[in-house]
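Structure first, commentary second.
Per-chain numbering from 1; labels A, B, C, D and E assigned in written order.
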Amino acid sequence: MNAIIFSAIMGVVMMFSGILLQKKSAVTTTAIISLILLLSMNLLDSYSIFSFNVNTHDLLHFNKFGLFFNSILIAATLIFVLLCGSDIEKTGVNVADYYALIFFVLCGTSILTSFNGLLMLFLGIEIMSIPLYILTGAEKKNLKSNEAALKYFLMGAFSTGLLLMGIALIYGATGSFALQVSATMAASAGTIPTSFLQIAGLILLFVSMCFKVSAAPFHFWTPDVYDGAPSVFTSFMATVVKAAGFFAFLNLFESNTTILGPSWKILLSFVIVATLLVGNITAVFQQSIKRMLAYSSISQAGFMLFALYSNNDLAKEGILLYAVAYCLATIGFFAILIKVKDYTFDGFNGLAKAQPVLAFTGVVFLMSLAGIPLTAGFFAKFYMLSSVVKSGGSLWIVVVAVLFAAISVYYYFKVIQSMFFKEGVPEIAAITSKFKAGLILVAAAIIIIGVLPSIVLNWFYF
Amino acid sequence: MNKIVFLVPLFPLLGFLINGLGRKSLSKSAIGIIGSGVLLLSFLTSCYLFSIVASAGEEQLQTVVTLFNFISVDAFTIPFAFQVDQLSVLFLLIITGIGFLIHLYSTAYMKEEETHHFGRYFAYLNLFVFSMLLLVMGANYVIMFIGWEGVGLCSYLLIGYWFKNNDFNYAAKKAFIMNRIGDLGFLLAVFWLLFRLGTVNYNEVFTQVANLSSFDIAAITTLLFIGAMGKSAQIPLYTWLPDAMAGPTPVSALIHAATMVTAGIYMIARSNILFTMAPTTQTLIAIIGLATAIFAATIALKQNDIKKVLAYSTVSQLGYMFLGLGVGAYTGAVFHVMTHAFFKALLFLGAGSVIHAMHHEQDIRKMGNLKKFMPITHITFLLACLAIAGIPPFSGFFSKDEILAAAFTKNPLYYYIGVGGALMTAFYMFRLYTLTFLGKFRGTHDQEHHLHESPAAMTIPLIVLAVLSVVGGFIGIPEAFAENKHWLEHFLSPIFAESTKLSTVHHLSHSQEYLMMGSVTVLIIGVILFAVNNFKKFTGGHELEETGFGKLLQNKWYIDELYNNVIVAPINSFAAICKNFVEKSGIDGAINGVGKLVSYSSRQLRLVQSGQVASYLLIMILSIVVFFIIWFNDITIMKFLNKLF
Amino acid sequence: MIALLLLLIPFVAGLGSFAIKQESTAKNFSLLVSIFILGLSLVAVFTPVGASFDSSWLTDLGSRFTLKLDGMGKMLCLLTAVSYPLIFAAVYKNEYKNPGSFFGLMLLTQAGLMGVFLAADALLFYFFWELALIPVYFLCSLWGGEKRIAVTFKFFVYTFIGSLLMLVGILYVYFHTADHSFALQSFYNAQLSDHQQSYMFWLFFVAFAIKMPIFPLHTWQPDAYEQAPTATTMVLSGVMVKMGVFAIFRWLLPLFPNAATSNSIIIIILSVTGMLYASLIAIKQDDIKRMIAYSSIAHIGLMCAAMFTNNKTAFDGVMIQMFNHGINVIGLWIIADLIEKQLGTRKLSELGGLAQKAPALAILLVIMALANVALPLTNAFVGEFLMFSGLFQYNMFIAGVAGVSIVLAAVYTLNMVQSIIYGNLNTVTEKATDISSNIKLVLVIITLVIIALGIFPQPLIDLTKSSVEALFVKK
Amino acid sequence: MPIQYYIYFCLALFSIGIIGVLTRRNAIIVFMSIELMLNAVNLLLVAFSKVHYGAALAANPNTTAGIDGQLFVFFIMVVAAAEVSVGLAIIVMMYRNTHSVDVNFLNRLKN
Amino acid sequence: MSTVQILFSFLSVLALFGAIMVLVSKNPVHSVLWLITVFFAISGHYILLNAQFLAIVNLIVYAGAIMVLFLFVIMLMNLNAEAEPRKHLWMKFAGVISGGCFLMVLISLIRQTTELTGKTVLMKEGNIGLIKNLGKALFTDYVVPFEISSVLFLSAMVGAVVIGKKD
């Protein structure tokens, strides 16, 4: 509960900080401090040392997994603000409001990591999405940003409609919005004739969640929105929000899969393969690195979906690890991307000469995204694949996945090629040594996790 | 048999190292002395060994000496061992003895070479002798194979000695590759032995030969014979030998006449038991040998290059030796190897001296009447010709006669064809002799002006060899003339004991033999006289254009062209197809095709992202519909998927 | 402990070398390090079996940081350790832009190779398998020829796909181990039905086949060898290729014995086809480097064929051939590089007559060439002899067909020798000079090794005997 | 009144909303269609709530079963209101820049 | 045919007709007005279901606030019929078709359900829809979401400010 309450409060605080503080940097500092506070509160909660216990009437349910995941998200946000704070300031005038919105998003993620019913799921998603519509359109004069905002909003609202229809049908079948009920029905799904209403509802729910985590064929908003949104917020959206979405997805379907029977795996593998295909294949031919990353995030989502495919303990660990690895790498690389004026591949030519630190850390991030060993990304993918193999899932989908992973190497390494092997003079914004230090730390973290992933997981298991 | 055995190959090896490394620093004379000195040393050592072996006589003497284990794996162990018995010691004498003479000869013949090339020459020569000794002394097939390939290498190096001339290089390469083909056969035979017997040591192989099925033996012997074909220039692998004349003449004398080419005969004689137990292979050998003998002889009839003639005669003589092996006359074959070594080396050296005098002119149509200018060469050459022609009592007569006699007992047809070959031999040899030494000189004037007898270093070997080729025959006097005077047969009997047990050779009656010898001799003399008279009055120029059959012969039956068009060219074009089409378009094309496919599909898939909200949502809705449909008939889909994976 | 050192020293030194700016310092540093490692590996070779290292790594996954040094590992570590000083010495006079990184990456590669040869844990093995690859990617793309980026990238993706497939295989086997562990031993004891084996077998084999490479997965190799900086090419063809061979011995055969035997005929036929095919193409090659590349494909093909004969003799042959081929091919690359550096061309048709200008080079080249055609008393002969006799026992006919490659090898190798050193000088070769001292030294060392191992191959055979025995104990 | 009727009716309404979203280009109309969908859902929820209530009523006269459904509708309305404010703000912003509310007018982001 | 059924069918037809008119009418203002009609019809349904609170809220929030907002915006932009250019016919066609498919699929699914048979909606009576009960539930069991929804409004407000504010 701490996270929800405090994120809301911090949001309000940020709103006022805009009025009270003149200097933008001061606002950023406030945001950082309050994020640290939020993180510590959440951790305290997860260690159940100090936490507000409100009787939520089983609408919310806090378990260690969710809280830990939430703290990962908050920590990712913290890193994001630390690296990109200056760029957030550059985005527009009302910096404080952006931070406020970010905190509201965090409130939404906190709900999504602890919801115990469709009602809170719905609210959480909405609380998470609405600020994002705004952040997407933050660059008001930039038509791309406008377009992105409009598209995101319309499609988001539409998917909300589908979500609600799904919820309604489920409610019709079960007479309740609680997860357990459908779970219990699922338990006895074998005996009683499966309720078609519930199935229709679940499928619609599945679709709308796929939309949220941008899984094909419901991914279409992703490239346009990520591309159009201000890069800072893109990196936030692509990491924190998507991870939260995944957690909700996992949490929602953990127990309901059996209702759908065999078609569940079929639908899921269909979605997974489609996602990997669209993500990787389309990314190959992009000129703009930002857009390439948008597609790559789709392909990453494809990998994360494996956690859903084989929902076992390895999958849970895997999604944790994946969230960490993916957030670190993506935030890190976006931080570099933002510094470069030209987002095309040629814009990166000769970066290794101009800014060796950026280039080298960039290589680490990209390798982690590609899943090369010695980086966190490898173990993320490794856990996902092993969870599938462990669940006795059919091997062919794993093989397909690794083949697409090999394709993903293509576009990630294209960036490396232009950074290292091509001549050019990239235009780069001023780089502070603090920023470099931050990058190096993130890269170091990625490599450490890449060598010893157990530190993250042990932390999770205490 | 003590460690002294190792000295024999050791000396040449040392010579090779010293000359090879010091070829820049040492002076010519030093190189010459070292080069031939080491041969003399190992010749003396071999003489000593010979004395031991000879004195040991009939009773088995411990012949195998192991140096160390070359290869030792679970399946088998291959010792680095030498075997010195009657057969190998005989070859040792031939190799080191003639080798020494030829080294000596070379010191004079190669005088004009630059010092370091001179050193290189002797290094190669020593290396050759070393490998040849390995070949002969090896106590198992692998060591023999080491020498076998070693001599091939040296002949490659020596044929291509004048490496600036690319034709020579091609000749060298041809020699090496053709030998390799043979070697492959040899190697497979060795594998077969290892597979069946788990050993390649002569003693064990020959004792366990009973364990081999007849098919195995036939296969092994055939493969070995293929090896011999390559090395000893038999049909169909003979074409490298005439080309090998590109090398310096002493090399031709040593390698391509006296020693290396007889390796095949040695190998078969060495494994005589196997061959005796494989009659089919024996017939094959006999036929091939005979065919080669005749075939080469016909070619030799029309050659105008002095060395080419000798080369083809070598091939033909080797054919006789194989005929001997084929009909089971192992002693005869070895005997002929020896005598042939004498007179053929002599012929080559004589030719060398002629060429030396004629300033590297090799066309006999431009020579003539040389007897006036270089008497010693002339006399020795004449003796050699008589020997090879088989005029009694010259050495050639005895050895060839022995083979022919054995052939007759096997199958008279062999005999008659063999005799035909002998007559041709006599003809082309004396054609050569006449054109070179008799008649009137047909060369240019300054050539005539410079004509001179060769220096002592060259004439001494000639004389020695001449003596040998005259008297060499007396170590193998046939039964017909004197009972048990066939010293060689007695000497070698332990080697061929097993085979003689197996093969029942019924000897001819003496009267028959006299008749045959007499008639053949008469015929040969007739041919000789005809040849001499015919070519005495040959005067240059006209009759160059051969026609019809003659042309065919002059062009060696167009065998080289045949090989080029039937074997080499197709392989080349096939390789070209592999390189330019299969590799580029086929395999690599497929690989790159995958990449192309990816980028193409990427370009197509981008268009789905049309940027229009409506189309996005449309696809969403449709896919929802699809989901429902999937759900409706999930069972069938499951079945399908399970069938698929 | 010594195993760990073999792995750590190049790794740390490699990282350290990035800091070095001056060319000479970088060269000397890396040379010294490599020589030190050589000494270390010699110690390792002579220490009795059991030089291993073990520490916990991923306890919850059941993967431990286990290094094991058996006969085969010893030999290959020795090969790695021997080849690096030679390579560094050979390229000592070459110019490199930011040499610190170059030699650093080279040393990192060495660390990766050592790791592959030492790892006794599947996951660890996979780690090093990739770690050895990545520095090579940068080496080739940064210091390579003009088409380097595309070619190297093809090479990288190609091998990466292979290793990913292997990863899937590893995972699958891992979940079928009794004690859910990646340890080598428990992998050996994994219970797999023949049906499962046959799938896993191919997943693993493809990875190794691409690395070796085996026809028809070889097309990355000639381009890569041609484009890579020669020092890297030497590592690639001298040592890295052996990773595949090693991996088949260490992982494939013990893990899936039944699948190996049931698929052996397919693979042997593939390899033999590859041998002849590569030899034919080598005959037609006009580019020295490509020719060497194809000849090396042919040799590897023989090794691969021999590895599936399930025959001790052949295995012994493969073992020593791994070492010998590594040494010989490095020698050939040095010469090829020398010629290119000196005369600016690799076209055989443009060369000729070097024997007059550079007799020393000529002699050494001839010896290398003879080793390449496996002439007796050169080291290659023993290996090929054993492999062929093993293959012969597997199937006479196939052995006979494969034997043709002996002849073909003679053809293309002699072609090369003839068109490089024989014949007359031309405008290109006029300016040739004899080889510099450092390269002469390296080549002489290689020559001595060639001849020494050609006459006394037994030590190598004995070194790896234990590993061969182990392969048969399993079955 | 059988529940099926309600379901059919609401689904029809919902589908009409979808069709509207798919076929109209005017952002505002599209948005209105979405509101239509939401309303369909609302009605369906209420209907279901009454079904469950009716089912529970037999057992217990003063049950509150099904009340959650109606509250859910309430929350949907809340969210809808919030969405409308934001959505219209975005549309207005776009109109400011482009003087058009055509969804496809801005088509910079594609492929 | 009871009055309830008559009312139900009338309202439903009205709603559907209005909904269709929303789509087909060229002039946005007309569409808004038609949508309001739909909302009224739905409110009628609520009353029929005796969900009085929702009926009122629906009227106030939707038909009142939201629709007025729409109308306001439209008039502010004075969009008229020509404002919207023609759209490709096939796109319209495809839209209708896929929407229809969606409907068909769902309906066919519902038709197969055995569970719904005999389930009837309790019309007119039933007091859960009354403000008293709803309010009690809202402020006891559902207080948390209720409070949280304030965050929603807050963010919406901030958002509206951020976007609307001139800078």
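Methods note: a contact is a pair of C-beta atoms (placed from the backbone, for glycine too) under 8 Å apart; a residue touches a chain by one contact, two chains touch by 3 or more.
Remember, it's a predicted structure, so these values are computed and weren't measured experimentally.
J.: Which neighbours do subunit A and subunit D have in common?
T.: B, E
J.: Can you list every chain that touches subunit B and also touches subunit D?
T.: Chains in contact with subunit B as well as subunit D: A, E.
J.: What is the shortest path, in steps, from subunit C to subunit D when you may only step between chains that touch?
T.: 2
J.: Compute the centre of every chain as the mean of its C-alpha atoms, then state which one is farthest from the centre of subunit C.
T.: E
J.: Measuring from the mean of all protein Cα atoms shown, which chain centre lies nearest?
T.: Going by the distance between chain centres and the overall C-alpha centre, it is C.
J.: Give the label of the chain whose average Cα location is farthest from that of subunit A.
T.: Measuring from the centre of subunit A, the most distant chain centre belongs to B.
J.: With contacts defined as at the top, give the pair, B-C or A-C, that has more of them.
T.: Of B-C and A-C, it is B-C that has more C-beta pairs in contact.
J.: Measure off the straight-line distance from the CA centroid of subunit A to the CA centroid of subunit E, and report it in whole Å.
T.: The answer is 32 Å.
J.: Suppose each chain is reduced to the average of its Cα coordinates; what separation in Å results between subunit A and subunit B?
T.: Measuring from centre to centre gives 78 Å for this pair.
J.: Roughly how far is subunit D from subunit E, centre to centre by C-alpha average, rounded to an integer in Å?
T.: Distance between chain centres, rounded to whole Å: 5 Å.
J.: Between subunit B and subunit E, what's the gap in Å when you average each chain's C-alpha atoms?
T.: 103
J.: Spell out, as numbers or ranges, the residues of subunit B touching 2 or more other chains.
T.: Within subunit B, residues 606, 609, 611, 613-614, 617-618, 621, 624, 628 contact more than one other chain.
J.: Where in subunit D do residues touch two or more of the other chains?
T.: Only 3, 7, 17-18, 21-23, 25, 30-31, 49, 51, 55, 65-66, 68, 75, 79, 82-83, 86, 90-91, 93, 103, 107-110 qualify.
J.: Can you list the subunit A residues in contact with two or more other chains?
T.: 119, 123, 126, 130, 133-134, 137, 140, 151, 154, 158, 199-200, 223-224, 395, 410 - these are the residues of subunit A that touch more than one other chain.
J.: Okay, what are all the chain pairs that touch?
T.: Every touching chain pair, ordered by label, is A-B, A-C, A-D, A-E, B-C, B-D, B-E, D-E.
J.: Which part of subunit D faces subunit E closely enough to touch in the complex?
T.: Listed in rising order, the residues are 1-9, 11-13, 15-20, 22-26, 28-29, 31-33, 35-36, 39, 42-43, 46-47, 49-51, 53-55, 57, 64-68, 70-71, 73-75, 77-86, 88-93, 95, 100-102.
J.: Contact residues on subunit E for subunit A in the complex?
T.: Those in contact with subunit A are residues 106, 109-110, 112-116, 140-142, 144-145, 148-149, 151-152, 154-156, 158-159, 161-163, 165, 167.
J.: State the interface residues of subunit B toward subunit A in the complex, per the touch definition above.
T.: It comes out as residues 598-599, 601-603, 605-606, 609, 611, 613, 616-617, 619-620, 623-624, 627-628, 630-631, 634-635, 637-638, 641, 644-645.
J.: Would you mind writing out the residues of subunit E in touch with subunit D in their complex?
T.: So the residues of subunit E touching subunit D come out as 4-5, 8, 12, 15-16, 19-20, 22-23, 28, 31-32, 35, 38-39, 42, 45-46, 49-51, 53-54, 57-58, 61-62, 65-66, 69-70, 73-74, 76-77, 79, 83-85, 87, 91-92, 94-96, 98-100, 102-103, 106-107, 110, 116, 119-123, 126, 128-129, 133-134, 137-138, 141-142, 145, 149, 152-153, 155-157, 159-160, 163-164.
J.: Please output the residues of subunit C touching subunit A within their complex, sorted ascending.
T.: 57-61, 126-127, 130-131, 134, 138, 141-142, 148-149, 153, 156-157, 160-161, 164-165, 167-168, 171-172, 174-175, 199, 203
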